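Note that the chains are named A, B, C and D in the order they appear, and that numbering of residues resets to 1 at the start of each chain.
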Amino acid sequence: MDNPSAAATIKRQKTHIFLRGLISFFGFIGIVIVFSILTNGRIIRPDNLSLMFSQVYVLLIASMGVFLIMTVGGLDFSQGSILGLASIIFCWVSNYSIVLGVIAAVLAGAAMGAFNGFFHVKFKIASFIVTICTMYFFRGLCKYITTNGPVPASTNVMMLNETWFKLLLTGIMLLLGFIVWHFTRVGCDLRAIGAGETAARFSGSRPDLLKFLVFMVSGAITGFASFINVIKVGSITGTAGSQLETQILIALVLGGMPISGGAKARFPNIIIGTLTYCVLEMSLPMVFPIPATQQLVKGIIFLIVVALTIDHESLRVIK
Amino acid sequence: MHRINIVSESFLKFKTSKYFGFLVLVVMTLFFWGFFRLLSPSNFGTSRLVISYFQTSIQYAVGGCGLYFIVVMGLFDFSVGANIVLSSLVGVLLSRQFGYWGLIFGCLLCGTLIGAFNGILYSRLRIPSMIVTVGLMLILESVANYVVTLDKSGFPGKLSNSNILAFGHAPWNYLAAGIAFLLMVFLLRFTKTGTYCNAIGSDELVAKNMGVNVERYKFIGFVLLHFFVGIMALLTVSYGRGMLAVTGMSSMDRNFKPLMGTFFGVAFKKYGCPVTAIVLGEFIIIMIFNGLVALNVPTTINDFVTGAVLLTIVSLTNRGLKGSVVK
Amino acid sequence: MSDVILRSENLYKHFGITTAVNDVSLEFEKGEIHGLIGENGSGKSTFCSTLCGIYPISSGRFLLEGKELRVRSQVEANRHGVSIIVQEMGTLPGLTVAENIFLGEEDKFMHGVVKNTGAMNREAQRLLESYGFKHIIASKMIDNYSFEDRKLIEIIKATYFTPKIVVVDETTTALSQSGREELFTVMDRIKNGGNTVIFISHDLEEVIDHTDRISILRDGSLVGTVKSSETSADELKRLMVGRELTNRYYRTDYGQSVSDEIVLSVDNVSVPGEIQDISFRLHKGEILGIGGLSECGMHETGKAIFGASYGRKGSVTLKGGYEVKSIPGAIKHSIAYASKDRDTESVIIANSIRDNICLPSLADMSNHALLNNGKLDSFAKKFAELMSVKMTGIDQYVSALSGGNKQKVVLSRWLGKDSDILVLDSPTRGIDVKVKADIYALMSELKARGKSIIMISEELQELLGMSDRILIMKDGRINGEFIRNQNLGEKDLITKMV
Amino acid sequence: MKKLLSVILVLGLACTVVFAAGNKKPLIGVSIWSSTDTLGSQCKRILDAAAQALDVDIMYVDQGHVSEKVTGSAETLAAAGCDGMIICNSASAEMNAVINTCTKDKMYVAQFFRIIDKTANPNEYQLACQSPYYVGAVHEGEIDNGSNLIKILAAKGCRKIALEGWNSGDATFLLRWKGYKQGVETWNKAHPQDKAVLLDPQYGGTTSDTGRSTAEAIINANHDVDALIVAGGGGDTLIGALAAIDSMGLKGKIKVVSTDFLADLDQQLASGGMAAESGGHYADPLFAFMLVYNAIKGNYHKPAGSFYEVLFPYLYVASSQDYDAYAKYFVTDLPYNAKELSAMAKLSEPDLAKKAAALSIQDVMQRRK
């Protein structure tokens, strides 16, 4: 209706959406400023940036996959295990050829993701239940394989441990992700499914198929991330990638990603989120010498950022 | 023809009764028992061993009961593991002065208080439970590390004094767990809480319209969850004779063992025997673990098998309907 | 026995611009069963919803035993002795039968915090048996019982506390014959207990047989009240209809022939439990109306044509010989569908107008799978403005729009897709007169452009006013067919509907 | 509520300014699996003492032996502007990235509890030799330690020996495991008529409850074991294992040896809960710390094409008397007091190595006389 009150609400909504787009960004800036002061500007010293980045790569790439899953309203707790297992497979194959290794890792990741997707879509089991099961499933394999010692990668892999190289790969992945998200119908479809699955179905998108694919793709992406992970680590133990899923969750939420997914999912959520997380990871130890304190502050900051940035409109029923 | 009808009729009647669910559970338990028993008759599943498996499993079952309240409402809580650690350490700390009373009330009280805290934060901040509890998990974990430093006994966080270990073995651990299970049954059957939690779970808005105070019962859900977690902490710390304060989210692993039991419980909800399902579910999982060791399979494969079994059971029981929207 | 228990005084209920209940003043007497009839959208359900606090009253008031009754929720209504049995499901799965019956009313079994479940189950069982539903066991999970049994349980939930007023809102449609008998005995018992039943139904015979008095509503206003013993189905039908057709915004052309080119043929389509063996043809440039009562299966028919229903049998074939099996297929071959349930099945509430309009056309607008967002914006803008959607911009969320504008978004989506066959389910439901007019105009224009439209509607004059041909459905089957002409009246349709 | 939280944040950050106060002291980072578990907290204790004695700032990063966190910790410390770091990595291959980070950021590094295996990881070894910033490694003779424990057990008449590790594939565990196997071999060579068997390891994690359930599983599966080796895991695993044996009423029947000292070891030894213990190695990081400290001070110039290697002795405790002494000088007190620590800092590398090798309960007794 065109009565003033409605118009007013519309206005409010518009400005609100606009602000929400930025608020997590402000959060990021705020945290950077606060910690540059607390660390006497150490964290923003140029030579520290490369160090900072080298922790971003894996998280950033893996987050892209989970971002897609969360957009359709799902969750994935098997990411860490997928990373571990894919890394192992990469290590094995890398002894023949690194390129083949990357391909194998991506395929393996895709397979594991497809496994999740299959159970989620075919049997209609909540994604977080499925992925908690598969988290154990994959982690078990991972530990079993490494029983008699870490799985080493081919030694030339370590040669690739160059900032520019990792930066390049991450950049490419980001660019690809951005293009797919913004310049294909995928972004539109996924947001629609997240916002209202039935309506999306009646508008011609295929929720089941897309959900399955999303899980598969995110697996593949994590598979690719495992390549960079191995570049940095060199050999894989049974614990490789533990808690990655939680880090991703925290990072994305910090980036302003609505946990219920839907139309408010924005690509920058990934970047802002992971950067915020890594800034915290890097600077907290500088400020607080004791790990316990570091974590306490991390927790408090996390809650505050979420409390300030969370968007209640989109959640009628808060689960 | 007619007789067949009667038979199928009565079978249907039976199929919907709670005894059916109970039967299925027992059969499943027997199946896994028999499976490993056959493979390694010498060193698996004798009565003595079964008892010891059961002893191990009850602590997780208690936690599973607690999680049931939250999970059935469609919420989740990641701070369970961290709370186990913190409550245990508080219990140990108090036990230095007040012996058993300190231990018991330390665990239970601390647990419950944290539950209330979670509940308040959840309903006040109106943040999805999954997120808010991740934040709390980080905080509780680190607080636990401070609590340890308060313990000047020289055995920080350890129940070194051998005359305070009663809850680590029969009969006291059975007693504590038994009380927890009975309490659970009581809550589900003989209070509004159980009913309302289920109602909220199946349709929050309808429940609201029927006059259920949703916010209030979500809060109660959190408190109950962490009260049970307190009991679990008591059992766990006595079982392991000490607790280790951790950092870096490693307490997360503690969330999942109880959760498995909860999955069983939710799966058998429609047969009206969730508690039995939780207890036997955890028992099955521990049995698998022991069975693998008995077969001299490295325990590293254990997670793999557990995951597979869980997935099978969940996909057999928790399926959604065609066209239903599942996130 | 003629002392009034409930009275409504000059009751109004507006939804936006539409007036659902228009100055209704009614009296209900103690110990009577009072029928409430009227065609779809005549406001009888809305009237009862305001009584039970499901909707707030716009103006006017209810007097219960002389005291003003203003309730905000069903629970409150129950407390005042007013209860309702609704059309759709009102029980919660995952709870036992007893828990469902006493949900929100446990207090009578509480000793402090302790709930005497035994007593509760026994009480529930006693009720079940006193109502004669012996086959239902109180302690069992409600999940184990059929839709019909759950309805019976609802009846108990609504009546066990001997309320003064019980509203039975189109419950019978969900029940089999035996179920109906059960319901009627319950109603009689309530009546004999000196309390009142308000009985809403489309089955006129049923209403005449089981009520003392019948009030007829039309377009939200009261037509009159008659004694059941002194009336007949035909008289009631006359009263229900007999409106001067306000057809200034309907089509005025008559007797012009429709091309006999068949664009869509539906053959023996069935959906388990919904529709049986539906067959018809749709011609080029034809507006085919499908009417009937809400539960007659016409809505499912629309879904079935669109390839959206599960477990569909039979075939839906297009001119080119393409068989519609899935929604994407249907859309690809230019079938459009606007659902009756607009908010969950048509528009994505929590999404922008832009995305909502572009979604079906994305495939067309992307070259080599690449989208040009500028193009999307202009596309969305173009059709939103073509339909003159009231919005601040295409980034606005649909949730902020009025029903009419939501429907406009849906239509502009399909205009953008330029579909040849439009399946419009209740296109003007809950929409104000002005937008209605726009939509009718659009339909005529589309027809002129040779598009074919299937209009599924519960509003008879809309069917009469717009369609070249009308199919009337009843109990999941096609029960009659009418060709457009002036002297075709609502009465003719209703005879086939009920 | 939000306001309240914000207040908390402000307070939290306010108190940080105290820490944040700029400083010119040398800063040494510690990358450790956990600074809070039994062994880890002991390490932290002695390192803090050393830092205080030498007026050095020290900071900790817990990496939980998760490979990517291990390599990450080096970067975090470098970013924090550490002049040097000591690290306990989980797999040798990680050192590649770590050393590169250190070289790039001119941060000295030394390993504790660990050394790069020349044969298994030649490249990392080479890298370590070449890098001017990789000072060296302090480690125990894990293999000898392993075979020693077996010797003790076998001597006590144990013939079926179960093995409980913590995480699969951990570098240290693999070495110790190798040691146990060697020990068994040598014994069986010597006594072909009554051979001893070593079961495959099961993994009990690093917490006491998992430790107990795993131990119970092992014993349930093999009721004829007469010895259990708890290879390590920081102490809690051992506590759990002992609890298991105790609750099964097998105390004393199953001999337990381990490489983690317990706070209540004396009772355990007295009551027969424990057969023998090697340990006391929590002072190991101290020497790594000294290496790095001197490297920063410029006192040490690492041998070209190689690096310092300090072999740290295990202390063996087999009786409660031994332990009382240990408790006196290692638990309630530290093996080195401030004076000795600052003196130690002035030693040359070879003397430092000697000092390390000399550490024993008796050694401390003499010094305390």
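Here, a contact is a pair of C-beta atoms (placed from the backbone, for glycine too) under 8 Å apart; a residue touches a chain by one contact, two chains touch by 3 or more.
Keep in mind that what you see is a predicted model, and the values were worked out from it rather than measured.
The greater number of contacting C-beta pairs, out of the two interfaces B-C and A-C, is seen for A-C. Taking the CA centroid of chain A as reference, the farthest chain centroid is that of C. Computed centre separation for the pair chain A/chain C is 44 angstrom, with centres defined by C-alpha atoms. Rounded to whole angstrom, the centroid-to-centroid distance between chain C and chain D, based on C-alpha atoms, equals 73 Å. Annotation: 35 Å between the Cα-based centres of chain B and chain D. Annotation for chain A: residues touching 2 or more other chains are 143-144, 146-147, 198, 238, 243, 291-292, 296, 300, 303, 307. For chain D, residues that reach two or more other chains under the stated contact definition are 1-2, 35-36, 62, 64, 168, 203. Within chain B, residues 121, 125, 145, 247-248, 250, 298, 300, 322 each touch two or more of the remaining chains. Taken as a contact graph, the chains fit none of the simple arrangements: neither line, ring, star nor complete graph. Contact between chains, per the stated criterion, is found for A-B, A-C, A-D, B-C, B-D.
The part of chain C that touches chain B in the complex is made up of residues 73-75, 90, 92-96, 99, 103-104, 106, 110, 113-117, 140-141, 143-144, 310.
Chain contact summary for the complex, chain B toward chain A: residues 74-76, 78, 121, 125-132, 134-139, 141-143, 145-146, 204-205, 247-250, 252, 256, 259, 263, 298, 300-308, 310-311, 314-315, 318-322, 324-327. Within the complex formed with chain B, the residues of chain A that make contact are 73-75, 119-120, 123-130, 132-141, 143-144, 146-147, 197-198, 238, 243, 246, 249-250, 253, 259-261, 291-296, 298-300, 302-303, 306-307, 310, 312, 315, 317-319.
Partner chain D is touched in their complex by these residues of chain B: 40, 43-44, 49, 52-53, 56, 59, 121, 124-125, 145, 148, 154-156, 158, 160, 162, 165, 168-169, 236, 239-248, 250, 286, 289-290, 293-294, 296, 298-300.
Residue ranges on chain A touching chain D, taken from their complex, read 34, 37-40, 42-43, 47-48, 51-52, 54-55, 58, 143-144, 146-150, 152-153, 155, 158, 161, 229, 232-243, 281-282, 285-292, 296-297, 300-301, 303-304, 307-308.
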